[in-house]
Amino acid sequence: MPIRKPVFNPPFNVVRASHVELGVRDLGGSRAFYVDCLGYLVTEASADALYLRAVEERNHHSIVLRRSPEPHAHCVGFKVATEEDLDRAAFWFARLGLPTAFPEVPFQGRTLRTADPLGLPLDFYVRMDQAQSMLQRYAAYQGARIQRIDHINCFTPDVQASYDFYTDIGFRLTEYTETDDPDAKLWAVWMHRKGNVHDLAFTNGRGPRLDHIGVWTASALDILDICDVMATSGYLANMERGPGRHGISNAFFLYTRDPDGHRVELFTSDYLTVDPDLEPIRWSLADPQRQTLWGQPAPKSWFEEGSVFGDVPVREPVLAAQPIVAR
Amino acid sequence: MPIRKPVFNPPFNVVRASHVELGVRDLGGSRAFYVDCLGYLVTEASADALYLRAVEERNHHSIVLRRSPEPHAHCVGFKVATEEDLDRAAFWFARLGLPTAFPEVPFQGRTLRTADPLGLPLDFYVRMDQAQSMLQRYAAYQGARIQRIDHINCFTPDVQASYDFYTDIGFRLTEYTETDDPDAKLWAVWMHRKGNVHDLAFTNGRGPRLDHIGVWTASALDILDICDVMATSGYLANMERGPGRHGISNAFFLYTRDPDGHRVELFTSDYLTVDPDLEPIRWSLADPQRQTLWGQPAPKSWFEEGSVFGDVPVREPVLAAQPIVAR
Amino acid sequence: MPIRKPVFNPPFNVVRASHVELGVRDLGGSRAFYVDCLGYLVTEASADALYLRAVEERNHHSIVLRRSPEPHAHCVGFKVATEEDLDRAAFWFARLGLPTAFPEVPFQGRTLRTADPLGLPLDFYVRMDQAQSMLQRYAAYQGARIQRIDHINCFTPDVQASYDFYTDIGFRLTEYTETDDPDAKLWAVWMHRKGNVHDLAFTNGRGPRLDHIGVWTASALDILDICDVMATSGYLANMERGPGRHGISNAFFLYTRDPDGHRVELFTSDYLTVDPDLEPIRWSLADPQRQTLWGQPAPKSWFEEGSVFGDVPVREPVLAAQPIVAR
Amino acid sequence: MPIRKPVFNPPFNVVRASHVELGVRDLGGSRAFYVDCLGYLVTEASADALYLRAVEERNHHSIVLRRSPEPHAHCVGFKVATEEDLDRAAFWFARLGLPTAFPEVPFQGRTLRTADPLGLPLDFYVRMDQAQSMLQRYAAYQGARIQRIDHINCFTPDVQASYDFYTDIGFRLTEYTETDDPDAKLWAVWMHRKGNVHDLAFTNGRGPRLDHIGVWTASALDILDICDVMATSGYLANMERGPGRHGISNAFFLYTRDPDGHRVELFTSDYLTVDPDLEPIRWSLADPQRQTLWGQPAPKSWFEEGSVFGDVPVREPVLAAQPIVAR
């Protein structure tokens, strides 16, 4: 039985998924995609990096784009509640023999840089510089009118191991996909801290790699609108999947690929998960409505392509089960 | 050069596409689909037929479902402006050697039953019994909140011949698809009388057959909503294509199939075409955004499956050019 | 009985309401309002004038803003079908002793400049320079994402006289407001040529004056969005009424005032009116849902303030009946 | 300085606002309003009570309507995380000399019945019977397509006292309204546990009384749709305020009154507030955009009318400052 009880008193208090840092080869092209097309706001721009936030966000950035010879993902970042939580997190990771460091990170307070047992690079911090929220500066809304970062989805070579690790540190399961054999295996998990379907999800595959970041819009129409914009302004090939509704999470979605292939999901319409007695929802890997409630299978690229994390070695998945894929 | 000037003083005045009559094998199953799922209103029900209208419509019916051993389409109906137009229409068809009759038709005034030169059965009439418009009885809105019939789309074995015939009687071209060879051939046409993109369209294929009726909703969200309903109430397999945006007509669409395979397109967001000097828009058959602005090709069924008209013989198309199809 | 039968064979064929020309005191401020805020596209700009169109429009302009010492309306423009219609129109107006001239008008073909019997200045023309439609250049959509001009609404001192005149030239009544006395009087009329609720409406009041132009958006959400933008970018005081739903026409609306007080209605969701046997809908002047289906009365300014037409004298209305007004 | 630091380690862990119980005089009329019009689902109905839930909810009920000679509110309910939290809560309230009891409550586990220092009746519980979530049974969505309860808003005679009390038990301030005098006074507060703008709000006024419950919809269009339904199905007089956008909370809203005058706010579009360092937003009582971003003042009834809690005495507010009201 692969599913466990949630841990309500975790060793440290993670508040939410906060940001990602992506390596991009051409900052100009990335700016065109994220800012001019998707409508991200630029909090800070230098010759080497762009710090972006969405209209609701007061945090200095939820996406950092850094000029890089290769299109790697650099890290995924989580906010913790207090400085004590940061110290407890460092202790927890160190005790497991995992790397811990406190590098200087621009625009952030004290930052713990570590990695999970599968090698996924993680940043934890408490304070970030605050910027002006543009939530009620509606004239600044552009593109997909993205409001905030919602979640981070990664490929892992061992979903059970990833699930176990994040359960231990307090992430709570909301939905999961299993194989149908008598000895059912976890194939994907959706886990949260902030009270909606997920802050962090894992999909079975070569990993650790970043599958996508999910960013939240207020309305499904914002997502239809950006489809029209992308399809008619040179970004048709960047529309990978959707728009559609997921069975899992009930979200309305569009998957896009940035100029380096990093995947960004526009996402809305999931649900509240704060109740401690919320029962996770099980999906069969063989159920086509799991992926897309309306029946369209995901393209093969969605299951196979992802962003590697710097020089973190990628392993083949321990589980060979295959999802339903479009041609 | 296959495109002609519009005829502004046609031999008789067609107002708009008005209704279709479909033969269905199981009235109960059809009622479940059209009324309980899509939200059509029943104006009249008998043991043998259902007369349906959408919320805006004052006409007694825009869809007639008649019990039938085979799932045939029976006819497509157009409203003309005056009784004189009806007589002029009869004269026009008779002069071309086409059949003309004035059968008794329930709930309609004098009705001319004829066929176009390709064999497509046509009804023309001036007056239909009037029912209560439910446009401002919002509590009666259900399902896809369909407001009115918009258009009729047929397969024809000879698009040029169909185009020429309907041009002569005043239908005006708004968009068309051509092959790319030096001797370009018409592959599909969209023609109107009422001032939006179409009342009648023709697609190259085995015909004459009904491809679909198009019905109008006020919002793209109505179409997303019915996707959710269909996908979770036993109609997943009835969702054939979409939701998506057409390049042609700019419409947001979902194609559904009723229990007999008759195709119904939910449709919104086209544009005004009343200007006499409106230039038709040309699309290349090889342009993938012609079908779907967002890139998804149509399924093969969309181009191959349609409803035959009673015992009207179906011919192979004169044009062999193939559209882009999904696997 | 103030209501008459429609005239189906009018003396000349008006296609639709096409454009207005407004005198504005500060072109920069007007540009900020129409272009930067509402999202109009600039087809042509000179030191003295701005020619604007909405995203769907291929006509060179639907609004002309001309620098003017006073904020007058200059004229309202209608497209007619053919050059012959233009000559027939000139003959018709001349026969009634009304002024006729054919001035040179930039970006338009031959243009008849005349006035109706109440003094309302009218331009009729057949051809206008054509611009690129931006309907499928979605990246160019801004502000309220306005698609096209829909209608023109004027105060008239004699609704019955205005109604009679435009009925004679083929405008067809769709809805009307009457007083409730035994000898019912017309208080407002909505009349169309293009097949929706109106191209031209008249409201009882000091006139002739322009009450507003109505411009069409594809979705009610576009109107909610521009409310948010206007309210948070310095245009709060320019939001005069709404958003709301009219009982009359069923439209979802917002009334705005430009920097000179000219009124622009954002408008969507009316219905198809092409059927020649469509019965006009009667409303009582005393019905509060006539104005706003949701009950809110219109502000007094809506009934009292309007744009005078140059030096055209304004008369008091012959009918003293008062609508319901908010404090 | 009336604003305090949040308490991150409260004496017991409240998860969220969970439900209200309302006394109604006519269960049939209440059912027509909540179920047939607003679209609530009936989990359980008896001769004396209706237990209702919204489409996302797995809890047995979020609204209980109980037959009552007077239209009182009976209590407001909050879910706590664990049974230990329940005991800690009982200890906390008892220590303050407040009433504590553990009555049998149908469909709920152990339930603490108490009251805050102002007399507001409170129920705390951990477990409620679980029902089928209808989130992906889209055919069951009706009316306003309400997804879940969001918050509870009460009048209090002493906003500062209420704010202090709920701050002590871990409710965190997101927005507040102050008077503008040098010795600024709190006039209203919005406080949360679940991570959006509020679970509980207090408005200055005669109290304790229930101002309203707020229920969440996925889209602003759901709220526009129910306006149309209410306005045309006999509930026009039950639409008290809106639709509109609040400055405070950024929510899109409609306030309705049920047949007994209990107020229900349809609500969407606020924002995420889980960050512990989120700075509360201050609004001046004199700012008209505080109430409604688009400028319309609230009607006087909104500030004066509310539901009394059984026989709990109501006191005049200690603060005399007046909000902006419509005539």
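Observations on the structure shown:
Letters A, B, C and D mark the chains in the order given here, with residues in each chain numbered from 1 onward.
Here, a contact is a pair of C-beta atoms (placed from the backbone, for glycine too) under 8 Å apart; a residue touches a chain by one contact, two chains touch by 3 or more.
Quick caveat, the model's predicted, so the values are computed rather than measured.
Counting C-beta pairs in contact, the pair that comes out ahead of the other among A-B and B-D is A-B. Averaging C-alpha coordinates per chain and comparing to chain B, the farthest chain turns out to be D. Once the centre of each chain is set as its mean CA position, chain B and chain C turn out to be 33 Å apart. Look at where the CA atoms of chain A average out and do the same for chain B: the two points lie 44 Å apart.
Taking the mean of the C-alpha atoms as each chain's centre, chain B and chain D sit 49 Å apart. Multi-chain contact residues of chain A (touching two or more other chains) are listed as 136, 219-221, 228, 231-232, 293. Chain contact summary for the complex, chain C toward chain D: residues 220-221, 224, 227-228, 231-232, 236, 239, 243, 245, 252, 289, 293-295, 327. Here chain B touches chain D in the complex through residues 37, 136-139, 141, 219, 221, 225, 228-229, 231-233, going by the rule given at the top.
Residues 8, 15-16, 56, 58-59, 79, 81-82, 126-127, 130, 135-136, 147-148, 194-195, 218-220, 247, 250, 269, 271-272, 274-279, 293 of chain A touch chain D in their complex.
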